[in-house]
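In what follows, structures are represented as structure tokens.
Common to both upcoming complexes is chain A, partnered first by chain B, then by chain C.
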Partner chain A sequence: MGGFSLRQALLLALIAFVPAIGEAFYFRNQIPWNSPVPASELVKVETAKEWGAQALWIDARPDDQFARGHYANALSLNEDHWDTQLTNVLTAWSEEKKIVVYCSTQSCSTSRQIAERLRKQANLKNVFVLEGGWEALQASEKK
Partner chain B sequence: MKPMTKFLILALSLCLMDRAHAQLKFEQTEIELKPTLTDENAVAHFKYKNTGSKPIHINSVNTSCGCTVATLKSNDVPVGESGEITATLTIANRTGMQHKTITVSTDDTAQPQTILTLKANIPTLLDIQPIFVFWKQDEEMKPKTIIVKANADAPVKKINVVSSDPEIETKVEPGSGPKEWKIDVTAKDMKKLHSATLSISPDYPTKTPKVFFATARVIAPLGN
Partner chain C sequence: MNLFWRILDLVIGGVFIVAGVIKIIHPLHFAYDISNYDAVPWAIGVRLAFYLPWLEVIAGVLLILRRFYAGALTVILGLTLVFIGATISARMRGIDISCGCFGHASDNLGFAWHLVMNFSILVAVFLLMRQVSRPRALA
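Up next is the complex of A and B:
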């Protein structure tokens, strides 16, 4: 009886394994492409707020969302108007500044892309991605 | 029928049951586009067909980014009918590999959501490195260099650079390779703070000229 149950369990596992392999192959390109941001490049809302005037806030969301509301003194910088908006950011930048980039939510990727371009193309240091994005910022304001 | 045979049939049926209900079938759930240097949009067509036995209603089509718009002609898909979702990515100032997702929600309980992926590798006409140079007022004025490389597929023969601040000057020289230039940037006056936008214009494309930007600044020393 024990041997029969074990055989059944193994067969069940085998049967489940075959379509699982097939599905994994078929959907192989749907593995999330966004690699996690290194912890050293992330900043929590509380920490970024503690930086006070030292922080240069960058809103990476589209223009219409920025117009509806943004963090105090944040500058808009998105890939729709990168060329023109970047000048404002670089004019506001100084060496002691810590740049905090945010987009809509925890899962959005725009802030990562903007932060990466600032590091690679403008050679800026101290560029951070805000954990939780605009959603987390708004939640912290309500506390 | 032996218990073992019954068991195998049951297990196999359970495995296949979920797949049998999937009705809205997409030809491709991922499309990779290669826009050209002059394209303004990247457009992907996700074709689908209702292969099931009942009509499907597409409740919503949401994109992961405001830069991508997804449209479809009809939300209702009768049995056997085909259709397509057109996803348009606005290129604007985007460069490099872009990944945008489109979430399709239907009333099919067996497969309520399908994630479509639009990939687009957007070429850069000019690669400018770095796009920002600066001097601190208390440092010795040495020219800063910006390297400009044109895309190998673009017939760019020369670039023109204009500084918005007369106290910050630029000089363009040939670079170390073909389609490469060196911009030497100098600040004539280090006593005052300066900020210049450098407009970099290639001689291609001629019909819709493109201008690229870099920034040069004279900034205050740390602590001031």
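Up next is the complex of A and C:
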């Protein structure tokens, strides 16, 4: 069965490209192909730091990671304790603030999810996701 | 006994068809699920989100129809091994994931259930492969 089944499997793997490409073409304008976050909702570390006191930093990582270290004055807000932690965020928030949400790395998706919830459930505007996350923040501190 | 193997074909094929169709309908949701594993860059994950569900559906359909049977079993075996590997790897890196196997329906499927389901499929696939390798079954 070995070689025969592998040849068949390879053929199926090739066939699957046809509908997949068709579907990707159909959704081509609805999918963020290069980043999970649209460019307009992303902010670079340098830009966010330039905002100074105008920025409200939100750490979307789990509590234990937040406890091990976080950006100065950042507030913890994650899915696990959304309701309790949101109160702290709303207390610190004001109209002129720009919210900067970060998680661990470039590829983590928690910051995107938290930013989305802040926009939709808490009706907050000017919510941005930090490019590169905590990793990039730490790297910028070392420079 | 033949009925048993047919039922097993239907169950495994059905699981892959349902899982694939849900993901085909919501490709972006599946792309985010892949992204949660933190295993591949987004640009690759989003492309896999379009490709993998179709592979699941095609393999599932062919398993039920018993066409390209050996190939379909091999694809399902490969996909299951990838899912198991990705789940264990994510767990070892401390990533708490929604498996994304069945779209939103599996959002609350924990690590243990995720593994039990995948290993059950793995055992079933091995049984089907063993059965199809027997000379009597090919006759």
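Simple rule for what comes next: the second predicted complex is superposed on the first by the 108 of 143 C-alpha atoms of A that agree within 3 Å, B and C clash if a C-alpha of one lies under 4 Å from a C-alpha of the other, contacts with A are read in each partner's own complex, and residues count from 1 in each chain.
Throughout what follows, a residue touches a chain if its C-beta (ideal position, glycine included) is under 8 Å from a C-beta of that chain, and two chains touch if they have at least 3 such contacts.
All values reported here derive from a predicted model rather than from experimental measurement.
In the superposition on chain A, A:Thr47 contacts neither chain B nor chain C. By the document's definition of touching, of the two partners only chain B reaches A:Thr87; chain C does not. In the superposed pair of complexes, A:Ser5 makes contact with chain C only, with no contact to chain B.
In the superposed model, A:Glu95 makes contact with chain B only, not with chain C.
Residue contacts after overlaying the shared chain place A:Phe17 against chain C, while chain B stays out of touching range. Of the two partner chains, chain C is the only one that A:Thr105 touches; chain B does not reach it. Touch criterion met: A:Leu124 reaches chain B, while chain C stays clear of it.
Judged by the touch definition given at the top, the superposed model places A:Ser140 against neither chain B nor chain C. Chain A residues 8, 11-12, 15-16, 19, 30, 33-34, 62, 108-109 lie at the interface with chain B in one structure and with chain C in the other. If you check the complex, the residues on chain B that touch chain A are 4, 7-8, 11-12, 15-16, 19, 29-30, 64-67, 90, 92-94, 99, 115, 117, 128-132, 136, 195, 197, 211-213, 215, 217, 219-220, 222-223. Residue ranges of chain A in contact with chain C, taken from their complex: 1, 4-13, 15-17, 19-21, 23-24, 27, 30-36, 62, 105, 107-109, 112. Against chain B, the residues of chain A that register as touching in their complex are 8, 11-12, 15-16, 19, 29-30, 33-34, 61-62, 64-65, 79-84, 86-87, 90-91, 94-96, 108-110, 121-124. Here chain C touches chain A in the complex through residues 24, 27-28, 31-32, 35-36, 38, 41-43, 46-47, 50-51, 53-55, 58-59, 62, 68, 70-75, 78, 96, 129, 132-133, going by the rule given at the top.
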